[in-house]
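Some notes on the structure that comes next.
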Amino acid sequence: GSAALAADVTVFAAASLKNALEDIRKEFEAETDYTVALSLAGSSLLARQIALGAPADIYLPASADWMDYLEAAGRLVPGSRKDLLGNRLVLIAPQSVAQSISGFDDPRLFEQLGEGKLAMGLLDAVPAGIYGQEALQSLGLWSRLAPQVAQTDNVRAALALIAAAEAPLGIVYASDARADPRVVVLAEFPEGSHDPIRYPLAQILPADGPAVAAFHTYLQGRVAREIFLSAGFDVIAE
Amino acid sequence: MLSVELRQQRAGFALDISFEAPAGVTVLFGGSGAGKTTVVNAVAGLERPETGRVALNGRVLFDLERGIWLAPHRRRIGYIFQEGRLFPHLTVRQNLLFGRWFAPKGAAREDLERIVAMLGIGPLMARHPGSLSGGEKQRVAIGRALLSSPDLILADEPLAALDDPRKEEILPYFERLRDEVKIPMLYVSHAATEVARLATTVVVLKDGKVQRQGSAAEVLGDASVMPTGVRAAGALLQARLLRHHTDGLSELEAGGISLFLPQVMQQVGSQLRVRILAQDVILSRQKPEGLSALNILPGEIEQIRGGTGPGAMVTLKTDAGRVLARITRRSAQALELAPGVSCYAVVKSVAIARSDVSGEARSDTPG
Amino acid sequence: MNWLGPEEWQAVALSLKVSIWASLLSLPFGIFVAYALARWEFAGKQLLNGLVHLPLILPPVVTGYLLLLAFGTQGALGGFLQQFGIILAFRWTGAALAAAIMGFPLMVRAIRLSIEAVDPKLEQAAATLGANRFWAFATVTLPLILPGVIAGTILAFAKAMGEFGATITFVSNIPGQTQTLPSAIYAFLQVPGGESAALRLVLISVGIAMSALILSELLARRASKRLGGT
Amino acid sequence: MLSVELRQQRAGFALDISFEAPAGVTVLFGGSGAGKTTVVNAVAGLERPETGRVALNGRVLFDLERGIWLAPHRRRIGYIFQEGRLFPHLTVRQNLLFGRWFAPKGAAREDLERIVAMLGIGPLMARHPGSLSGGEKQRVAIGRALLSSPDLILADEPLAALDDPRKEEILPYFERLRDEVKIPMLYVSHAATEVARLATTVVVLKDGKVQRQGSAAEVLGDASVMPTGVRAAGALLQARLLRHHTDGLSELEAGGISLFLPQVMQQVGSQLRVRILAQDVILSRQKPEGLSALNILPGEIEQIRGGTGPGAMVTLKTDAGRVLARITRRSAQALELAPGVSCYAVVKSVAIARSDVSGEARSDTPG
Amino acid sequence: MNWLGPEEWQAVALSLKVSIWASLLSLPFGIFVAYALARWEFAGKQLLNGLVHLPLILPPVVTGYLLLLAFGTQGALGGFLQQFGIILAFRWTGAALAAAIMGFPLMVRAIRLSIEAVDPKLEQAAATLGANRFWAFATVTLPLILPGVIAGTILAFAKAMGEFGATITFVSNIPGQTQTLPSAIYAFLQVPGGESAALRLVLISVGIAMSALILSELLARRASKRLGGT
């Protein structure tokens, strides 16, 4: 950033990281004299903006694809890319109508779904949707469930459908599910049923000044780790 | 019969009137701001007065003290507006038939053909109002009101927006309306000619009050109530059409006196009313000889009223009825006119405009 | 044409269906509300006016979310409608509702302005000819405001063709059911390299909406040419 | 001086005219659809004809063959529209001063006070047009046009939308305009009264052609070109105001003959024009005695024209000028009238309406 | 009030700033385009009309993306403007541009309809009094269409208060710089527990826009009451 108002560090991050990043920012600003601005939106949008010259110093999307895109475009500070966070995919149901199931082979899964919809992110576009489809396919459930899938433009919208009990089943991130008392987690997708979910971190060219490096480091530090963990993310780094 | 009773208070204007309109045409006559439109709109239901009561042939249209207020569309009143208010998206035919869609099934239906013929709007039927002249628009507006099978016709200065030739073109249709269609009519006007030709009864309004009510002859003969002043004063004579002469003159008879007028388009035998403006009458002490004027009415002076101006208004009692003459005071003195003096009223045939003669009763074949 | 896949054709067809129904079904309500705002004085008029404009003011996602809460199967209105077999959630009907609500302010504005331009004295004239309020409106005012009605309908239609946020939030994206053109465009824009597919769909959507707009201009012009003066 | 040359082809209508309007008021006279508005709009620049040329005092407003077309706002023409076209958002004062904002710096400025006094609109200055009566609106419109310092005034039937009393209220202002302000004026009308009172020159249009052009007296005396027909025909006499009598009459002198009229609001000595309608004239073979009519003009019959109707139009040569009399053919025969016969024209003082008398030249104190 | 954090206040202030600038700066263009569409016949009139309506038809994200391509630092127009020190992308000025463009069809519609309701004969009258086209417009038509101008401006303002898709796409969502109310609402809706904060912001946004709407109704009514007849 260059304007007078601009913060020392501008972070372009997936909107789903809002709570955790804001907590980390507060800690960071308390510990240092630097200021941090968080621009939160969809990962794809942010990536395109960065490609077109947005004043971002750090990029933290919810999927590796868009980081690859920027890397190919030569916008990353070489060597700054790291996988920072991980997440798990869970199957959830509305708290009010949830039946407990013992696993993905439990026939009560289909009872729970009934004629209703399975809410998940856009299958082609939203990372949680892409991972979800992959997981269901590898579990052999896709062909039965596909006709009942309702896709949303982001994970939170899917969660909202479950929370409002409009859909009896949904696939969201564990980090989203745990914070909402109106939904219960029926099962967690086994590791290996889909590509690992990764939130990569990188500095964007031209990364100038010590503040960017400081925050880049801070995101990988102990305080950040605590906050990410308590928000339900897995921390990969170190 | 229409009975009207209204009270209405506005900033700087108080309406408080009550009158009864018998069958025929009742002209509401009065200057600007007298309250004419307010009365007519209340009768139609377009404006709600503070209090009052209107009944039409015994049917109460509203009685605000008893909380009765009939919606306009239930009143069965044909309103002819000053500006026509034709529906611009409909053809003339559709405009004419508009009211018919809503008329109660049993209502006596005016015949479209007959009304169209009467108003001479046959060639316009397929056109839209936007392409009509002012006079044509008003004729269509008359037809539209008639064809809604109304129990009463209201007309609020239907000719005011037209110029003289166009007025002259429309007035006969209102006469036919009165004589042929026989629906009672409340007609707002401030033109003496219209009063003279149309009115059965005149109600003169002034500042929201009824100043005078009476027959057309009574009111027109009274210069004091004519808002347009002394130039409009004149007498109304009742006459019978005796014969049509070959030279284009019509001979009428009034109280045994012959009157010669330019051809009157009425049947022999019809009763007519002839308006003779006071300013068109010349008085003579001797029986005039060798004058081009054809109408000479002997009589006796009843009254002479002088004003502040140079004129005097002389009332002459003749066998044909009272005749008013407006002459200069100088002439009155020169001729030594005084009540009781006998003299002659001289009136040119051609001074009596066609607009000053109108049929009094229904004639079976329209002219 | 073979440059669109079957799913995309489905999206085009569905968008057309949703937009047509949205604009036509909201029309009577639009006319009624426009009339009330133009001609009547009543308590809560400003409130109604505000309510009509709400979808213009709120971020679409919020509108969609509110729709979900109200018209979802669990929502009060949704439950009520369900008794009559009307289900909106996850159906194209819901997409139509969302599109209708988003386009409603545009429709009402256009119609209201054209009602205000019609002389109320013409309705009075109709009343004296025996037409009650409804018929006076239907036979006189309505034909006269036709240009405004056409404009309002087409505006709502065009808006419906582009509506995305409220629709996807309310009825999500189910190919063949609720996947409208804008949802498809959005999805393409979320993946690297999807731009050209998105562009194709944008062009189709713009083409349709533009044709409708131009048509509406022509219709409105013809309708107002038919009229002359009073 | 205004010279006009226009050609314009429309479906069912072809305009092809050329005339020169000298100083004073030129009335464009003709029936509906004759092309009057088309001419006036072309002069103002509001409509572009196919071809033609208009020059005002030598300044070319347009010459389409040479490709010259001045924009309306550069023509310095004050247009008085039939419907007023006042600006509804401005007060009367702002309306009046509107043109002044745009007038060239050096232009001779009409004095606001003077115009306001002349038009009697002082009390209206702070009001908006929406609250004015039709007559008041037209007076403001006249003032607005005047105050834009125009080189020419156009008026397209400025009185047509008004009823008679209101017409009567406005006409004097146009007379004052002619006499006091002395800006040349092109005035469209189809009313004979207006022609008689205002016109210096009359251009009669018919079906897009100039049918006749001449002085007001010439054209009005010719019943064949009067589109409103024979009832409007009449003679114009030039007279000089001799004295005001104490009984409210004014004595005029025309060619040695005395005329008595109800008080004329002009200064003794002024030249007046008096319109005597043919239908108000009675003819007599003997010198009439003992009649209330005060004006008796001896003369000799020049011409008698009969039509198909009952009337005949007699032209009488008197010392005061030609007088037209419309009498019945029956009377013409009875009195054995023929060219060369001498007889008397009898005219009532009160038959000459105030609207039929007008000042001919500028009088220094407005009445 | 302490139920909003400083960042949220910033978003409120920024949204107000953006919306006011957007509606005021687009006003002259809006009046000009509305006048051209209402009164002139010219080649490409339908094209201009279509262009004006484009933001209504396109999904907002697409509009924002097109803006980014055109006015970004890499874009042709953006590069051109940059020479004069005008940078739009990722600045609040860009947010104002996006909001202006999204509100433009609404503004033009409202103004155009009110221009069509003014009798062109009044401008003719002004011309005969010496006013050229510009002055005839400025002194006669403009005051007469004031109600429409007010309505159009406030509609554009209200739309700007709610505009989200194009704005976030064009200028991203940087607090204090480009984070408008709708973007802040969006961000809150993306995380667990953000609903109540989002609701607060929605209420503020609705409150502001509604007040503006009601004000515009009152102003327009007063302006049109001042006029009577011709």
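Order of writing sets the labels: A, B, C, D and E. Residues in every chain begin at 1.
Convention: contacts are C-beta pairs under 8 Å (C-beta built on N, C-alpha and C of every residue); 3 or more make two chains touch, one makes a residue touch a chain.
Source: prediction; values computed, not measured.
Asker: Please report the minimal path length, in steps, between subunit A and subunit B on the chain touch graph.
Answerer: Minimum step count, subunit A to subunit B: 2.
Asker: Considering only mean CA positions as chain centres, point out the chain farthest from subunit D.
Answerer: If we average the C-alpha coordinates per chain, A ends up farthest from subunit D.
Asker: Suppose chain centres are the mean of their C-alpha atoms. Which chain sits farthest from subunit E?
Answerer: B
Asker: For subunit A versus subunit D, what separation do you get between their C-alpha means, in angstrom?
Answerer: It comes to 89 Å between the two C-alpha centres.
Asker: So the centre of each chain is just the mean of its C-alpha atoms; given that, what is the distance between subunit B and subunit D in Å?
Answerer: It comes to 30 Å between the two C-alpha centres.
Asker: Per the centroid of Cα atoms for each chain, what is the distance between subunit B and subunit E, given in Å?
Answerer: 60
Asker: When the C-alpha atoms of subunit B and subunit C are each averaged to a single point, how far apart are the two points in Å?
Answerer: The separation of the two C-alpha centroids amounts to 55 Å.
Asker: Listing for subunit C: what residues touch at least two other chains?
Answerer: Where subunit C meets two or more other chains at a single residue, that happens at 65, 186, 189.
Asker: Mark out which residues of subunit B touch at least two other chains, giving numbers and ranges.
Answerer: Touching at least two other chains: none.
Asker: For subunit A, write out the residues touching at least two other chains, lowest number first.
Answerer: In subunit A, nothing touches at least two other chains.
Asker: Could you run through all the chain pairs that touch each other?
Answerer: Those chain pairs satisfying the definition are A-C, A-E, B-C, B-D, C-E, D-E.
Asker: Would you pull the subunit D residues touching subunit E in the complex into a rising list?
Answerer: 44-46, 71-79, 81, 83-90, 98-99, 101-103, 128-131, 144-145, 148, 154
Asker: Quick check: in the complex, which residue numbers of subunit C touch subunit E?
Answerer: Subunit C residues touching subunit E: 46, 49-50, 53-54, 56-62, 65, 106, 109-110, 113-114, 117, 148, 155, 158-159, 161-165, 182, 185-186, 189, 198, 202, 205-206, 209-210, 213-214, 217.
Asker: Under the touch definition given earlier, write down the residues of subunit D that touch subunit B in their complex.
Answerer: Spelled out, the residues of subunit D in touch with subunit B are 32, 133, 160-161, 163-165, 190-191, 228, 231, 245, 247-249, 260, 262-263, 279-280, 282-286, 288-294, 308-311, 325-332, 335, 346, 348-351, 353.
Asker: Give every residue of subunit C touching subunit A within the complex, in rising order.
Answerer: Answer in residue numbers: 65, 68-69, 72-75, 89-90, 168-169, 171-174, 178, 183, 186-192, 194.
Asker: Could you please specify the touching residues of subunit E with respect to subunit D in the complex?
Answerer: Touching subunit D from subunit E are residues 121-122, 124-132, 135-136, 139-140, 143-144, 226-230.
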